[in-house]
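Right after this note come the structures.
Next come two complexes, and both contain chain A; in the first it sits with chain B, in the second with chain C.
What follows is the complex of A and B.
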């Protein structure tokens, strides 16, 4: 997925999220659980070049900032801290919609090295939506103090995406993080994210739904992921797609979605 | 000896247990699972609000408050040592 077709709909997609891009700017999303030092990472990367506001139509705070790395202009969009991308709260919905429909060039997921296990749930969920993920394993100093060693090389291999150890508070590892993000965003590093595979009956049902909704979705939306959400009975994803993309086939999409829901 | 299974809402303050299963369904179930409440998770009762609801729990290194209504749908076994500590304290 995510073949970069530089069509008009790209700009439209960003606009729907209230983002204005300058030329050749890369969009990077910053996701993570609450209390992982996500804001520290954001501040460390963007410095004072920040802008805060709200997500369009939501009372959810958004921060965005810019920085330049290796002569490349980057717009960093801070997503709300969440434990999952289930869309049961406004925060989760904003994070999910942006990852699925906002077309970021790459996503940084900040994870807390002191309790990595609980953070990996979100990492896997993000990797289900997009392969362009870099994991920032933050609070490495705190983990070391508690006798926790995180082997980020093994973690990178297991997850199939770059995992960079950082201590954002002290600025440690940020250059490596920026390098990795830029390489993933520009396709220099091609990731192979570990995919969650479900029971055969779930996979079969998802594949059936996928084939039915395919005609109504743009190619860059992750069809399998949308199918899995519909299988869970989550119609809000269809509404989000219509809100953000409104491409004329919404009625049909809505019908297909409802048909799945009804069964 | 078989461990008795009790709802999380009955875990005394300061005590810890291990999640056995969830009876919650649908979105509530998914949300609880996403918070780290899967079979085998250690959970510790940290403090209770003055009215007795909600209660704050340490779940895999994060302190999370749950309503009794939701904690009723999570079933656990009590850990042997009452002062059992979660390895992943914040």
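What follows is the complex of A and C.
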């Protein structure tokens, strides 16, 4: 599958989020808990090529920046720092909507090595929306100082996505991070993200709903994820999807998109 | 395609209606706990903690301090101990300060007599300004100098975030934000600071609730008033052996009442003008730290005690002079203060107060610190020139002016619940950018104070307790 074609395909989707994309540019989202050094990673990757503004219709600050890696132009979109994607605050809603509807080519989730468990909650939730995830395990030095050893190889195996150890403050591990992100975005690395297994009655109910909504949703939306949100009565994402599909430009893509993304 | 969208949206909303709200909540909880246990399992495999004894100890302490069973009793006990130490410890230095400051007043009067100064000058400067200052210092300084270092000690230990954790459950029930407990802790220092700290709450609805209810936490300016009044009056009522305990209990109950009213008003606001659901948040409990005693002393004495005292002095000195002038300028056969107080009297009596107390609260709008001094000054200047040189004499003065336990209680309740000071109101305006909400922030607590004191006073009258 040709990545460039796909990015042209979804240019309209980015526009709905107020992003203007140049030709052949890959869109990478940067997610993570607050206080994980997410901004440090963002600054280290993009340098001075940054642009700040607000998310359309929201008072949530957005930063975006560009960088070039291995001759590939990349637009990095900094999502608000959140602990989850439950969409109980404007920040979480913005992050979730972009991950689900903005369809970035890959997502970097910055995780704090000193409290991995809490950060993994967000990683697992992001991986439910999109498989194209790279985990940046930041603050490795701080963790070592506190006597915490994070084995990123085991973590990669457990999560099914690349996990890169970094010390963003000192620029350590950033090249490896960029390599992994590019490979995931272009499909060179195929991830197999670990899915959270829910209680049987939740899984069964989700499967039932999934089969009912499947014919009506475009292929690029994760049906299981939408089914789960419906189950817990979170109508905000449903509304966001319908609004998004209501955008004229996106409707044309619906058929084409389903065809390309058919599983 | 348009039909596809409408089919989709009707399908989705019909699916949504098939599941009851209770079921949705249950599924939501189950989903969250599945995610958490998955994260825990992965983290156990990938992250290895070198066993850190200090961290383990923290965990053990937290398990007790934030537990459902012991959390609240421990919190109340700590509050009680701090207030008991304050009240028990402040008595003697207060007495000492009063004695020496009023000895100096005698010297000053002697000096004015010696240089043949006119009576009005002696009145304004010595009986007005100096006396006002002397009362502020002797009544308010000792409790502050003991309470603030103790409170800062708790802050330094890392106990305050645990309070937010313990109280989170109750705020959620009130449809408010758990972080509101933290903004309330800030409010103990200063309501204006408390209002600014509400910025940590992301949701505008819950932030506004926290801003509007912050005033129900007694700030620096009102705490000494509460402590002094309970020390002088309530404590003095019972047997001497129990007086400190009784005074402490009264202040603890008042704070609890403030918290209760905060929750009640938050809930009422959530159900009426600020409708909505509580949002989730993650609170990081910082590790317990060994408090730095030297820094605590300096910080709480300089930042808080001296700051509050200076503010009180700066406002109290002119207020003392103005009060003396108001009390000694006669229109007809009554002083201006007597006119104003007499005009307020009928309403004030309904609340268990008197006109002078109500007037002091109104004149004290710029700073709550000066409410008690204005009250004392008004009684003093208006009444006979009795020699007032100790805390016992202060008690006598209040009783001579018709104070009962109900007056003291109503005054404390009114102080706890009434409108915030001018600085806080200005801050609320800056934070909300809305005159409407600022007016509401003044009138809503005032209404609460009037309702509560009215109810208690009328109940006391009805039962013949006074």
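Brief remarks follow.
Here, the second predicted complex is superposed on the first by the 237 of 263 C-alpha atoms of A that agree within 3 Å, B and C clash if a C-alpha of one lies under 4 Å from a C-alpha of the other, contacts with A are read in each partner's own complex, and residues count from 1 in each chain.
The working rule: contacts are C-beta pairs under 8 Å (C-beta built on N, C-alpha and C of every residue); 3 or more make two chains touch, one makes a residue touch a chain.
These numbers were taken from a predicted model, which means no experiment stands behind them.
Bringing the complexes onto one copy of chain A puts chain B in a clash with chain C.
Of the two partners chain B and chain C, more chain A residues are in touch with C.
In the superposition on chain A, A:63 makes contact with neither chain B nor chain C.
Shared-chain residue A:86: touches chain B and chain C both. By the document's definition of touching, both partners, chain B and chain C, reach A:233. Contact with neither chain B nor chain C is seen for A:189 once the two complexes are overlaid on the shared chain. In the superposition on chain A, A:120 makes contact with chain C only, not with chain B. By the document's definition of touching, neither partner reaches A:21: not chain B, not chain C. Residue overlap on chain A between the chain B contacts of one complex and the chain C contacts of the other covers 83-84, 86, 88, 117-118, 121, 232-234. Residues 1-2, 4-5, 7-9, 11-13, 15-16, 19, 21, 24-25, 27-28, 30-32, 34-36, 38-40, 42-43, 45-50, 52, 202-203, 277, 279-282 of chain C touch chain A in their complex. Residue ranges on chain B touching chain A, taken from their complex, read 26-27, 30-31, 34-36, 59-62, 88, 90.
Looking at the complex, you find that chain A touches chain C at residues 83-84, 86, 88-91, 113, 116-118, 120-121, 123-125, 146-152, 154-155, 158-159, 194, 196-199, 202, 205, 209, 212-213, 216-217, 228, 230-235, 238, 242, 245-246, 251, 254. Those residues of chain A that touch chain B in the shared complex are 33-35, 83-84, 86, 88, 112, 114-115, 117-118, 121, 232-234.
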